[in-house]
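This report refers to the structure that appears directly beneath it.
Lettered A, B, C and D in written order, each chain numbered from 1.
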Amino acid sequence: MITKTVNSVSEALEDVQDGMTFMLGGFGLSGIPENAIAELVNRNIKDITCISNNAGVDDFGLGLLLKKKQIKKMISSYVGENAEFERQMLSGELEVDLIPQGTLAERCRAAQNGVPAFFTPAGYGTEVAEGKEVREFDGKPHILEHAFKADFAFIKAWKGDTAGNLIFKGTARNFNPNMCGAAKITVVEVEELVEAGELDPNFIHIPGVFVQRIFKGESFEKRIEKRTVKD
Amino acid sequence: MITKTVNSVSEALEDVQDGMTFMLGGFGLSGIPENAIAELVNRNIKDITCISNNAGVDDFGLGLLLKKKQIKKMISSYVGENAEFERQMLSGELEVDLIPQGTLAERCRAAQNGVPAFFTPAGYGTEVAEGKEVREFDGKPHILEHAFKADFAFIKAWKGDTAGNLIFKGTARNFNPNMCGAAKITVVEVEELVEAGELDPNFIHIPGVFVQRIFKGESFEKRIEKRTVKD
Amino acid sequence: MLDKNGIAKRIAQEVKNGYYVNLGIGIPTLVANFVRDDIEVEFQSENGILGMGPFPTETQVDADLINAGKQTITALPGASFFDSALSFGMIRGQHVDLTILGAMEVAQDGNIANWKIPGKMVKGMGGAMDLVGSAKNIIVAMMHTNKAGQSKLLKSCSLPLTGVKCVTKIVTNLAVLDIVDGQFKLIERAPGVSVEEIKKATEGDLIVEGDVPEMKF
Amino acid sequence: MLDKNGIAKRIAQEVKNGYYVNLGIGIPTLVANFVRDDIEVEFQSENGILGMGPFPTETQVDADLINAGKQTITALPGASFFDSALSFGMIRGQHVDLTILGAMEVAQDGNIANWKIPGKMVKGMGGAMDLVGSAKNIIVAMMHTNKAGQSKLLKSCSLPLTGVKCVTKIVTNLAVLDIVDGQFKLIERAPGVSVEEIKKATEGDLIVEGDVPEMKF
């Protein structure tokens, strides 16, 4: 097997640079690459373009990068949980490209799979479709969307092995599998790192070929955004 | 949960009709829907269009339908294992549309996922590209391919539950997951059928929403095409 | 006049046996509480679960198990988890039978606006554009008028659109309405609400045919 | 002159540490037997396995575990199984580093033909068009001439193409050649084979620069 392990988040991110485009897995605060985000804060990487479904909350997730104004542009589908984000966006400090969630997922998946462009009905007739090619299929209008391009994908998985094979847990899976291999370099942090051969080959969510670097995350807070319980 | 079980292959296929288009999972003889094929032979369904990567061998798999001349047209990527197929094709009795294997898989996946069309580099500059739109992305020419349309998808899974959730085994997985939900009606035969709740929700390959009918196959021969062993 | 739970309860009557249903944030989430328990229904949440169950107990709470509203949830027996691309494949591929979502405005041509107020509020569309772009059956759950008392059922939407010609039914605190031939057709009145009150609260063209029945619960 | 195993052995030298490799049917399959065991390499088979191992013992044989040539195989520790769409996503997305496949004809512009003889033989392209349409690094493994003694290294292909301008290297029973600026460039001679013999067996334009070394094993 081809070994993908690195020793630390610091080693995994040693070549990240200002001005790069990053993909970050996660939905809300679930399944976000906490260790990679902390390291981006540490290194004070600037002028980042982020492809991430959400923008974190004011004091966690991508909110930590927003607070330090490290982010130049966000490509997201929903940012309603972050007041600082909304302030920077409405004031024009932050560029924002809001795109439909399914289109965001499919543009990641297209990049991963070498599909440069595809048609989708999502956003037809809205401002999302402005400037995009429209074509009818079976009488229904669709718009042409393109694969993303990114320098790094930062991924959070549940378990991984030294060959880079990944397993995700519950709804913390979300965008993470679709972003693996969708950027030039895919960096994965896992809660549990095992030897190649310990995971059942039939139940691997993402094969190691889509992963360049994997490490065991030092800590995961796994903050819950809206704790709701039964009476 | 929404129950998808039917009692038999006969019940599962009761509304198949002459002239329909079927998708059939499997690669070579591995992971083919043996019970559905047998039932199509029993019912003597005619003028079938088959979307299937291969065409079986002379006396097994789709070869059984070919022998009885039930197939009008094959849409496949590789048919080199079946002499009767080659004879019918060269004599013009059988219409054949040969398409690249990855394009075949992606056209199934596109149908499943509601993507009407996508661009791929496969086949550019060959007869596969004839009559198709060509467009360059990053200086590289791609051709536009469309989602398949089919009446039934016949799928072989390893385990399934009453809600239609599926698990495949080894390389018998192949096209089966990509064809689920890619036709109007998806019919699945499994080796083992369990109650909803018995499969780990984290390790389901195809959620039940893509499946309309599921049954435990009466028998599986699982013939091996090229038995190769170590000395 | 209905409260939010009343709207949810009325919409629950539209959920049929064998339906896969996607529930949006807000009132739609409440619909799950009122679906008959003698029918088979599965709830999909677009962040990646089919077979979503009720909120967890304190001990069941799991950060890795949330719904599209970021609330902690549970998974029912027979549930499955999947990635976002496949989740929206389900939606785009019309495998989900019914979508229930909120709106700021609905127009009589079926257009809907629910994600942006220019220069003011920008939450983003989330999965709404994918849902309304593909769903066969879209019910909007909302108040008939906004906080300023203005109608949310309009001749045409003034806010940036989420989708065009897609809404099929609207259930509000005052009424059930279908979109028919580019007009709102009044189907049912909320208990104690008159046709006149509904007319007054509806800016768009309203078709009223014969005696309009009151909702039954 | 090399036999099939010799061709495979020479190609194995092109397999570098850290490579994911797709092996076609025929001679390419043999390459796996000769890869150095002190480097990390994984074999992908496009029917849905990464980390393919050797043939099974009699007791290991499993109908649900085959390679793209339909042969029974084994899976190494660290292997993974996946569906055909993701498998070709790996290929199309250029995650596979090296593709080794057979051919009926290769042209000096890098074109390749290996799937069809009009009116005669029609096997189909299988995954070959996807592989040659996307791979960064394509090595063709074949005999230098066909059974009739005619060159398979041509000015231009006469058979229906599998892909255009894609082949980077060819290893035959006689030589190693690179495609350079629309010509075949002779890199190495097979043991005991002269430049003249290679010239004679090559219909396309052949560049020979200086002393061409013999292959080393």
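In the analysis below, a residue touches a chain if its C-beta (ideal position, glycine included) is under 8 Å from a C-beta of that chain, and two chains touch if they have at least 3 such contacts.
In UniProt terms the chains read A, B = 3-oxoacid CoA-transferase subunit A; C, D = 3-oxoacid CoA-transferase subunit B.
Computed from a predicted structure; not experimentally measured.
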From chain A, how many touching-chain steps at minimum until you land on chain B?
-> 1
Taking each chain's centre as the mean of its Cα atoms, which chain lies farthest from chain A?
-> D
Which pair in B-C, A-C or A-D has the same interface as B-D, with over half of the contact pairs matching by residue number?
-> A-C
Could you let me know which interface, A-C or B-C, is made of more C-beta pairs in contact?
-> A-C
When centres are defined as mean Cα positions, the distance from chain A to chain D in whole Å is 36
Between chain A and chain C, what is the separation of their C-alpha centroids in Å?
-> 28
Centroid distance [mean C-alpha coordinates] between chain D and chain C, Å = 55
Chain D: which residues touch two or more other chains?
-> 49, 75, 81-82, 85, 88, 91-92, 134
Identify all positions of chain A at which a residue touches two or more other chains, and write them in rising order.
-> 106, 113-115, 120-121, 168-170, 202
In contact, pair by pair, are chains A-B, A-C, A-D, B-C, B-D
Complex interface listing, chain C residues touching chain A = 45-49, 54-58, 61-73, 75, 81-85, 87-88, 91-92, 111, 115-116, 119-130, 133-134, 160-165
Complex contacts: residues of chain A adjacent to chain B = 106, 110, 113-121, 135, 137-138, 142, 146, 167-170, 202-203
Interface residues, chain C side, partner chain B - complex = 18-20, 40-42, 44, 49-51, 75-82, 85-86, 88-96, 134
Chain D partner contacts - residues on chain A that touch it in the complex | 1-3, 111-115, 161-163, 165, 181, 195-197, 201-202, 204, 207-210
In the complex, the residues of chain A that touch chain C are 27-31, 53, 76-81, 86, 89-90, 96, 98-106, 108-109, 120-128, 158, 168-178, 205, 222-230
